[in-house]
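Look for chain A in each of the two complexes below; its partner is chain B in the first and chain C in the second.
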Partner chain A sequence: MSIHPGTAAKRKAPENQAAASAAKVRRRSPTRVNPALYLFPLPAVAVVAFFLVMPTLQAFQYAITDWNGFSAAFNYVGLDNFVRAFTKDSLFTNALTNNLKFVLLVVIAQTIFSLILALLLTKNSRGSILLRALFFFPTILSSVSVAFIWKFIYDPNFGLANSVLRTVGVDGGAYLGNDAQALYWVAITQVWFHSGQMMVVYIAGLQAIPRELYEAAEMDGANKWQQFKSITWPFVAPATSIVVAYTTVQSFKAFDLILGIAGNPPKAALDILSTRIYSTFANSEFGYAAAQSIIFMAMIALVTWLQRRLLRLTPKGD
Partner chain B sequence: MAILGALGFGATAAACAGPGGSTSPAGASGPAAPSTGAVTGKVSFAHWRGEDKAVFDELIKRFAAKHDGVEVAQDISTSNDYNAQALQKLRGGSIGDAFATFRGAQFKNFSEAGIYTDLKDSKAVGNYQKGLLSAGQSGNNQLGLPYQVVFPMPMANVDLFDKAGAEIAPKNWDAFLAMCEKLASAGVIPISWPGGDVGNGGQLFNCMIANNAPVDDMCAQIEQGKLKCTDDWFIRMLNQYKDLKPFVQPNATGTAVEPAQNLFSQGKAAMLATGSYHIAAVRGLGAKFPIDLVFPNTTSDGKGKYEGAYNATFILGVNSASKNQAAAAAWIDFLSEPENAGYYANQTAQHVSVDMVEYTNPDLKRLSPWLQKKTALAARFQFNNLDVRNAVEASATAVISGTSPEQAAAAAQKIVDERL
Partner chain C sequence: MLASVSRRAILAIYAVIIIVPLTVVAFGSFKSTQELFAGPFSLPHSLSPDNFAEVVGGQNLGSSFMNSVIVTGISVPLTLFLASLAGYAVSRLKGFMSWAIFGFLVLGMAIPAQANMVPLYVLFGRLGLLDNLAGLILANVVSTLPIAVFILGGFMRTLPKELYEASSIDGSGPWKTYSSIALPLSAPSIAAAAIFLFVIHWNELLYPLLFIQTPGNRTLPLALLSFQGEFQTNYPLLFAGVILASLPVVVAYVFLQRYFVAGITAGASKG
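This part shows the complex of A and B:
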């Protein structure tokens, strides 16, 4: 804590020494910290270092090896694992494509659906409170339960979906067994699972809008769409940023839902990055799986950053 | 938050164990036999068969009655978790003094990791049928003892076959298809196939490939690039899968294993294309009819090399890192005695590879003649790379869902080529 000579000279200059001393005390006191206080964050720093920093650094280390996860023998292979993922592994690129498609589908559908739900259920009537609870209910279920419930719904022989359709003479098909459609059916499940949670975020945003604005708009003759465009949307825009960011991360990491609904390993049509990484670990390719994990991490970071850049949704006037 | 989440998932998953700290390969000497000594203390028995827990509990009681001061605790995981995590759990030796492995990739990984001790000179090994021990061998060492004998062949509802006048032992592929035709004409689904379940749906592959492939180690050769999925024999097999399409239940590629079992146990389907390991489950669902096995003989002239398929699995071993090897080895010896193996077999409806076992379970009795037939050791477990195995088996599923055999084969070969 050295003091700049110029500053020290200035501090000695005042004529009234007592006043100067008092000023000195006032100025220095905020920065005068007992060195022992620096010890207090140490446990937290140690925990973060042990559980986050160290594993991350280790993951980077493994990612440049061909370690199989248990053998004492391994080699450093540089960036080979990263190159392999993008140039020689169609299962990885397939999972990446599936994951991006899944994220896009879920983000669009979940954002729109949860906003519509929130708009319909904003009023604090008894009916809407009950409906809110109903739509929120899936959120409190475990993802494994959700996966098994929907696996049963989609079963082509005994499932609810086909049973209902058969009563009107329609065959709903194989659902998850149809490679071209499987991802869409899981996306529907994901939207059902999490829309209630996002609806709550939107409702919080909607309830913060002053009623007077709508009353004034109505007096000016604005129709519902104009009210939405000019009042509602600017106010809920920041909530949309949160919903989109959260849904993106959630959809990237839909590991338990996919594994529960599609089985382990999931077939190629339902393989996403997290399930692919899991399969690679299970296949005793630890080095390669670590490299895939790092790509996965970078992918989420990149998409989240891009969203923040592109979706700067703030209320008007901010 | 996103970055932290990804870090948490990726990094901690990758870092749950570290490389051994050396870049030199392990020594060339084989594993040592389990150490001897007093049979006391606690033994952890790691396996994945939760459905056998009560049976093992009874055997543990009988074992403890024989040896004062010994205690066996079962450490049971689900089969998927066991496949993915068992090796890491067992390395330290605190879990799994005695343990089981799947045949194939898992056994190979465990062997390479040096988890097994050599049971070549153990008391147990003499109790097994010699021909069934190969799945637990590595070089000159008998690392594990394959305990169960299962038949990964379609199970048949004999009553439905009788009603339809269908032949239960078709001699060639045309006869097999004619049998399916008769069953379909009788108003039942000929084959219930869990095409939506990668593991169980893949068992039919063992039958379909057995007499089609030019060599017995066909899957190992596919993985090594010596044989290809685009070879004529493989395409012929996929065309036979295509022949099966009218005879499996509608939307079979989306059917999980439980609904497939239900179709069979409710008498709506005449065959369940998984294997004898599902007998107990099917009985649990209320099936009362007599059950036999049917081999889809894919030959055109009936002169195939094999009459069926079997698998020797649940490979028992003693952990080289265990602190209580003497008691763990005694537990394996105990399980391998014909009387105890017989108890296990009859209670779980699983054949065992232990010799001189008396089968009293009616299903096992009925299926026992299959133990004497010329059956092929299940080929799908020759794959050591699970991505390759899944891709090759997925070609059959793709054909059932409507892809041409040539396209399906080319897609599978692409994955194989990438991993060569």
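This part shows the complex of A and C:
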């Protein structure tokens, strides 16, 4: 890819280092490392360096400016953008609150629900395999498609939910039209979208548990709940940390689903960090959008770290 | 007894919650708006393809479909190629360099797309990559390379070193060993990664939304999203669009279901 003339020059330096360290390795190992091997990762390294790492570092630079993205002139404003986000911009703090609420809701609901599904479908019977395939299915759809399907379900006048309720003589709700509830309804959609995927992660964990443990527990007279607590749960703890971590990142980035279900830009009740960053960006406030995106990244890192700490304690607790 | 009844009840209810909306969408794509609202569950009166004709012709979904085919058709193999080259090198190099290259490439998994979209947009603007498919392909490749390297590199490291050594004693260079030994042996993990990437690239929305301005350059998810503004409650048209946008993934899923589960879960459990 001849995207930028600068990359060729940049590649030189690590290559020389590489050759030097290869020389060191040569003495110790019986088969020597062919120097041509260092050419293999170069395209990937160059692409990642130039289009992923560099822009991310640049975001930190933009974040301390008032750049609008187009004019040549801009000022360095220090931490003003960060101060503005947390103290003067109710749209941003609203999106932040919504996002944390959404993540909390989805992580709790999806982790429990996907574990229940997995427990019910662990055995490899024909019916289980068929149901697993069905429950997994929504995961492969695009977020926009899922958003449209659920927009129809939630439509207060013509929607599926209210048509069903009407047939049993109950007045339906406004769902997304009700600002106090809207986020919960989208959380349900998100759980419908991805629980099947997390169920499969759990099934892999559950199937690794040796059967003998349950047989032994049954002989000791342990009931189902005691078996779950002392055998199943410790064994699925690693799967749980995967599910929780993945669900967290996934629900932080529910951008597509929100835009599809709520429109662009979404109303305040459904605005989350990623949609807010996009709106700020679309409003040509590049410096401020970059600052928001750094807060976004920090939030994901913080929440993930917190979960790691909390989850590590859980299995040991009992 | 009670446990088995409640087990069946939970599974049956959830199966209904998945099947019913999908069926209503499939039926609805053949209905008129009035017919849909009169009875969302009823079979369509006729299998008239009017809605599909309108979204394909009138709404440019046909050209968006082709754009999606081109973007996904190039992004997936390109990502796999670059990731397998890097994964191969990582599995053969030793010590610090192997660790450093792998670490550098995989580090990108921690960067969410929204975090660097502003600088990426500026950079793409300077390089003339805005509003064209090449830019989308590049963005797709970059954003998924880290996880592809993680999956493929992780697998290639488990291949027995003796095979490589035997091959180089036979006088094969690294390229020969890569293409005739490492690649064929990695087929399972390449297939898993391919499906994972296919689903991601086919459904990608953020990059088209950021980079594409001309309607003719839209990919399917973006074209679908722009529908929403124009046809607020014309659900039959939205449904026809949903069906069209989902068709390739759904058909592939029906035939390769087992591999989909393996692929997407590889992404989930390693992401």
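Everything that follows uses one rule, which is that the second predicted complex is superposed on the first by the 268 of 318 C-alpha atoms of A that agree within 3 Å, B and C clash if a C-alpha of one lies under 4 Å from a C-alpha of the other, contacts with A are read in each partner's own complex, and residues count from 1 in each chain.
Operating definition for what follows: a contact is a pair of C-beta atoms (placed from the backbone, for glycine too) under 8 Å apart; a residue touches a chain by one contact, two chains touch by 3 or more.
Just so you know, these numbers come straight off a predicted model, no measurement behind them.
Looking at the shared chain after the overlay, A:101 reaches neither chain B nor chain C. In the superposed three-chain model, the partner touching more residues of chain A is C, compared with the other of chain B and chain C. By the touch criterion defined above, A:88 reaches chain B but does not reach chain C.
Once chain A of one complex is fitted onto chain A of the other, the partner contacts of A:145 are limited to chain C, with no touch recorded for chain B.
In the superposition on chain A, contact of A:296 is made with both chain B and chain C. Touched by chain B in one complex and by chain C in the other are residues 51-52, 54-56, 58-59, 62, 69, 151, 155, 158, 249, 252-253, 255, 263-264, 274, 277-278, 281, 286, 289-290, 293-294, 296-297, 300-301 of chain A. Taken in their complex, chain C has these residues touching chain A: 3, 7, 10-11, 14-15, 17-22, 24-25, 28, 36-37, 40, 82-83, 85-86, 88-90, 92-97, 101, 104-105, 107-108, 110-123, 127, 138-139, 141-143, 145-146, 149, 165, 168, 173-175, 178, 199, 202-203, 205-206, 209-210, 220-221, 224-225, 228-229, 233, 235, 238-239, 241-242, 245-246, 249-250, 253, 257, 260-261, 264-265, 268-269, 271. The part of chain A that touches chain C in the complex is made up of residues 1, 3-4, 18, 21-22, 25, 29, 31, 33-34, 36-38, 40-41, 43-45, 47-49, 51-56, 58-59, 62, 69, 116-117, 120-121, 131-145, 148-153, 155, 158, 160, 163, 192, 197-198, 200-201, 204, 224, 242, 246, 249, 252-253, 255-256, 259-260, 263-264, 273-274, 277-278, 281, 286, 289-290, 293-294, 296-297, 300-301. Contacts from chain B toward chain A in the complex involve residues 1-15, 17-26, 80, 83-84, 87-88, 91, 105, 109, 112-113, 195-199, 249-256, 259, 262-263, 385-387, 390-391, 394, 397-398, 401, 414-415, 418.
Here chain A touches chain B in the complex through residues 51-52, 54-56, 58-59, 62-63, 65, 67-75, 88-91, 151, 154-158, 162, 171, 173-179, 245, 248-249, 252-253, 255, 263-268, 274, 277-279, 281-284, 286, 289-290, 293-294, 296-297, 299-301, 303-304, going by the rule given at the top.
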